[in-house]
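For reference, chains read A, B, C, D, E and F in written order, and residue numbers begin at 1 within each chain.
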Amino acid sequence: MRPSGRNLDEMRVVSIETGVMRHAEGSCLIKMGNTHVLCTASVEDRTPPFLKNTGLGWVTAEYGMLPRATNKRNRREAATGKQGGRTIEIQRLIGRSLRAGIDRSALGERQITVDCDVIQADGGTRCASITGGWVALELAIRTLMKSGAIATNPIVGNVAAVSCGLYAGQPVLDLDYDEDSAAGVDGNFILLDDGRMIEVQMSGEGSVFSRTDMDAMLALAAKGVDELVAAQKAAL
Amino acid sequence: MRPSGRNLDEMRVVSIETGVMRHAEGSCLIKMGNTHVLCTASVEDRTPPFLKNTGLGWVTAEYGMLPRATNKRNRREAATGKQGGRTIEIQRLIGRSLRAGIDRSALGERQITVDCDVIQADGGTRCASITGGWVALELAIRTLMKSGAIATNPIVGNVAAVSCGLYAGQPVLDLDYDEDSAAGVDGNFILLDDGRMIEVQMSGEGSVFSRTDMDAMLALAAKGVDELVAAQKAAL
Amino acid sequence: MRPSGRNLDEMRVVSIETGVMRHAEGSCLIKMGNTHVLCTASVEDRTPPFLKNTGLGWVTAEYGMLPRATNKRNRREAATGKQGGRTIEIQRLIGRSLRAGIDRSALGERQITVDCDVIQADGGTRCASITGGWVALELAIRTLMKSGAIATNPIVGNVAAVSCGLYAGQPVLDLDYDEDSAAGVDGNFILLDDGRMIEVQMSGEGSVFSRTDMDAMLALAAKGVDELVAAQKAAL
Amino acid sequence: MRPSGRNLDEMRVVSIETGVMRHAEGSCLIKMGNTHVLCTASVEDRTPPFLKNTGLGWVTAEYGMLPRATNKRNRREAATGKQGGRTIEIQRLIGRSLRAGIDRSALGERQITVDCDVIQADGGTRCASITGGWVALELAIRTLMKSGAIATNPIVGNVAAVSCGLYAGQPVLDLDYDEDSAAGVDGNFILLDDGRMIEVQMSGEGSVFSRTDMDAMLALAAKGVDELVAAQKAAL
Amino acid sequence: MRPSGRNLDEMRVVSIETGVMRHAEGSCLIKMGNTHVLCTASVEDRTPPFLKNTGLGWVTAEYGMLPRATNKRNRREAATGKQGGRTIEIQRLIGRSLRAGIDRSALGERQITVDCDVIQADGGTRCASITGGWVALELAIRTLMKSGAIATNPIVGNVAAVSCGLYAGQPVLDLDYDEDSAAGVDGNFILLDDGRMIEVQMSGEGSVFSRTDMDAMLALAAKGVDELVAAQKAAL
Amino acid sequence: MRPSGRNLDEMRVVSIETGVMRHAEGSCLIKMGNTHVLCTASVEDRTPPFLKNTGLGWVTAEYGMLPRATNKRNRREAATGKQGGRTIEIQRLIGRSLRAGIDRSALGERQITVDCDVIQADGGTRCASITGGWVALELAIRTLMKSGAIATNPIVGNVAAVSCGLYAGQPVLDLDYDEDSAAGVDGNFILLDDGRMIEVQMSGEGSVFSRTDMDAMLALAAKGVDELVAAQKAAL
């Protein structure tokens, strides 16, 4: 029934290649099918002004998409002079999600910026960014610990994200672009590796959903995140 | 236990005054305790370019906050030269939510812009904007129907929104600013009047939540939205 | 002869309601007929850089208009990415005018920002902003004096403003939108309560005016400002 | 008593050199003492959208200042990314003033843009821009009439402008920078050549003025404009 | 003598992998040592306005760099709100260079946008962008010819670019970052495959160069471009 | 053969008038035929942040063009909100070129900003800006030396620039607008007074050039720069 022939609860093939960027403290290239996102984590020894002298660190994220990541070329945001509403919404979500996996007090007064750049897009780029961004972030933290800059491990647990939705009336896991653009309802589920939830966003543009729909999607999401966490751990 | 002395499942006093703006096709001033939002709906006989010759209409929203709506003066976004990430995120949510209550085919090729301007803020401004914005929107649609511009009623059902969260470990309904700034988890629940869900956003910045927490918040949200829909119907 | 049926030297009904904003050090809602402006005064314990270590304070103003304050919806300046020329011109005028009523040395090194937000517009919004802005400013100064932050009263005298113009060849007081858009000549008169002038702007776009016209408008303005100062004092 | 040694009612030496720009339909370099402004008038066979099919033309103005026109280098507005409030205020004034000297119906559906670029500044740049801008504009109109593009002369009368102020308590004509920066009150007077007024702006930042002061300044302005109109006519 | 141990006239290892992007009409990933640039060519059936109805096509380029392509993270241009001067200079050079290899009349009224995104930087990114951009462009043209959209082959000749400079007083070929940042003089040489020159830029910031230096660099450039053209042809 | 009737190796008449701006530390008006550029050098006792505590000074440049410097009015960059790509490219070139004539260590920690504003354009504005900019810069340095602020003369040698190109197949010196807009190849040659090269840019948009063409242009450039240096020395 799915355009890709996948089962309702079947993820796309996931691959996570680490250490792909020479300069970054942590990096990976995550592929979820034809969605490819390059994630880097950059460490700076300063925090945003609002955290000065609090002893707390910060994790933030930026998101971008190459102009021809999609079927039709998009205008380059650097050329239009501002990041679009969708970009801003996504990068705020990535930042919030990753922060939930980190003890900012153990991190200390430093900032880690996770850049997620979509090289190729086929649906689910924000979830792939979070899952891959986590790997880059954890690698950067290992670098900091190896160097002795951090004494206590600030990692609370792995953060991973997957999308679910109602496609042709059925709950499906890990929507690709064909499904995403036709789905009545879709949601993003960001979870810790122990199954607790960090953020849940379910939205039915031009449509609504019931409690039963929601429960079905939550069950799929839990299965998907388990597989993603396994892939993260294998890569690390 | 709540700073305001309210019960866990107790909303703030809600008031919705309609017809407060002389020029707009629909308007109201919604107050949820000390959060006051002025909502207007403006009709234009044109749609965005991507809907040309589709027969479909559009509902969009813009959100703003007066500089001194809050305890500390915020810089005016018109002066800084751009809308902040939070503003953009909120107005996109308001637009998506309101569209779910409208049959865009019955609306026909016209656009209704709902402006939500926060006069005074005490938490929950995005939910108040959706609930009040719906009233302005429904009034504008009545204006269009009275004038004969629309033949079939495009209203699918009332849209209303409320926030819930975990405050001091307890699920609470309709957070005010004191609760919001201290809550570990908070969520926005946008529902149709029949209880079906349009959008659910639950987020635990620096925290996580369990399925049990989520169920408790969903139950509170259903109660809150029932009361808000009653207030909308009374005002209309 | 006037569209509203008013006499040539008759003001619209003026009302000034104080204390309408919970957070601001001073606030009022001024109504001149259907023109409604919300004014707040916000105190900060710092001055602009050019006044550092001079012992002098600063009063500045910002002006905005809700998108549907007018008959046709205007684009939100925060969304267009800049304040228009008219907005900038008006807020500079408000700031200059209010500063003339304050002894900046007695104010000391602090800044008061007066925000004037037009909720509904029917002509004369800049004059209403000055007259109402003064009330918000004076209330903020009373707050500062009560708290002991200021020892000497910095108030030189009440500042109020009114528009006059030539409508259908006749000098008229306090133009509403119908008159304003048809007037050959119109002027804004900002006076101190003792009748001395702070700023006079008379302009005849596509028209000119004589010394006799000017004298007639000055006489009307003096009458109008007297009434406005009385309304300010009653409100305070 | 004046820093320059001039009499109270004495203008600076005025010179207007026409035809200084090879490409423009009209141009001049106006010098009022050490204030030098290059004015060009550019004709386009289109009007702004709001005048389409009205038969009316438009005259607009833009104002700029070279970075080192002043004693201290100013940042280039093209580099800062926007025109400052002062620039916008001035160019709107120049445009309004020049339009008063033109019958826009006789001009027909075309736009003339008058660019006033301050090469060197020593006070009174906006008045010099109006006086010189008029000369450029009249030359452009002569070009249009010679070519037969315009049949009826659209010139209503010469437009010229001068500043007056209270310096050291005395009314003075044509303030230079030393006077302007010290003056308690200063005003700009834009007149037609028959003495009727187009725009009058009197402002006392941190000061006020009486009716007597105003009358004295008006008398000086009338004298100054007479001399400027004579200089315009000599140059043309 | 060179930090990398290369001979003076030795290029870095070049690799060009084609077809790396699923959606673009032409694409490649070019690596010159540790400098990696992803190049895509996107075809649109419209030209810029200035070419309407001329029968001529257009080739343009945009250049970007991922924030962590370099040793220290750079601010994302989309976030700063504008492309920097260096970016603008580079993308104009890429566009001009590629156009020299295309007969725009045979291309017909369509536009090809070549996006060059630097994934990793180690000096010479503008030259790598031109050399790789050419491959993407030629692939897009082949796509157009295969589909029958273009009848006559518009390719004039391969375009390739290499940098040369004076490092430690010696002329060297294909500078990497270590050399580039220390070089007194460096130049970019963009040539056609027959050895004729499209653009030559030699610059000695804080230094100068003689005719002899220039001749030495030109000889190195000719050798380098020969090798790059061979790599292009092998990849295509 | 040339539109102007000049010989192939004949420059336009050059004139350099110094001291034209009252406020600048150095200034000149350079005319190369109908291309007129006003150049000022402004000294500030601070360097850009990246030079703090290095003992080195900085020379930078900004370039602008009056809206009606050209045959058709260009939009004012201050009004469009950003400097165009061409402006940015040119001012970076001017800055780099002028720095090559200065020993930044002898200059000490101060910045000189050279503003080049094109009053009238007829081709070759960037070269005129460099040649005139040098004169303004040298005058500013003399001012600094006379005042004792600089002890050692930081001047390495005069910097001057000229354009050459292939017009109708022939190498020509100092292209005017008619030639520039028709030339297949054109180049800018920035030299020191001893003939050594600072920057060479040769570009054939839609065309290519051979080594023989290049040699011919270099010979012309050397002749041109000799004449320009003579004019600079005469003016100084």
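Just so it is clear, a contact is a pair of C-beta atoms (placed from the backbone, for glycine too) under 8 Å apart; a residue touches a chain by one contact, two chains touch by 3 or more.
To keep track of the chains, here are their UniProt names: A, B, C, D, E, F = Ribonuclease PH.
All values derive from a computational prediction rather than experimental measurement.
The fewest steps needed to get from chain B (Ribonuclease PH) to chain F (Ribonuclease PH), moving only between touching chains, is 3. As for how the two copies chain D (Ribonuclease PH) and chain F (Ribonuclease PH) face one another, over half of their interface residue numbers coincide. With centres computed as the average of Cα coordinates, no chain lies farther from chain B (Ribonuclease PH) than F. One inter-chain figure worth recording: chain E (Ribonuclease PH) and chain F (Ribonuclease PH) are separated by 27 Å, centre to centre, where each centre is the mean of the chain's CA atoms.
Separation between the centroids of chain A (Ribonuclease PH) and chain C (Ribonuclease PH), computed from CA atoms only, is 51 Å. Within chain C (Ribonuclease PH), contacts with two or more other chains are made by residues 81-82. If the chains shown are joined wherever they touch, the resulting network closes on itself as one ring, and no chain has more or fewer than two partners. Chains in contact form a single ring whose order, set by starting at chain A (Ribonuclease PH) and proceeding to chain E (Ribonuclease PH), is A, E, F, D, C, B. Those residues of chain F (Ribonuclease PH) that touch chain D (Ribonuclease PH) in the shared complex are 21-24, 27, 34, 38, 40, 42, 44, 62, 64, 66-71, 73, 76-79, 81-83, 87, 113, 115, 117, 119-120, 122.
Interface of chain B (Ribonuclease PH) with chain A (Ribonuclease PH) (complex): residues 82, 85, 88-89, 92, 96, 99-100, 104, 192, 196-211, 214, 218.
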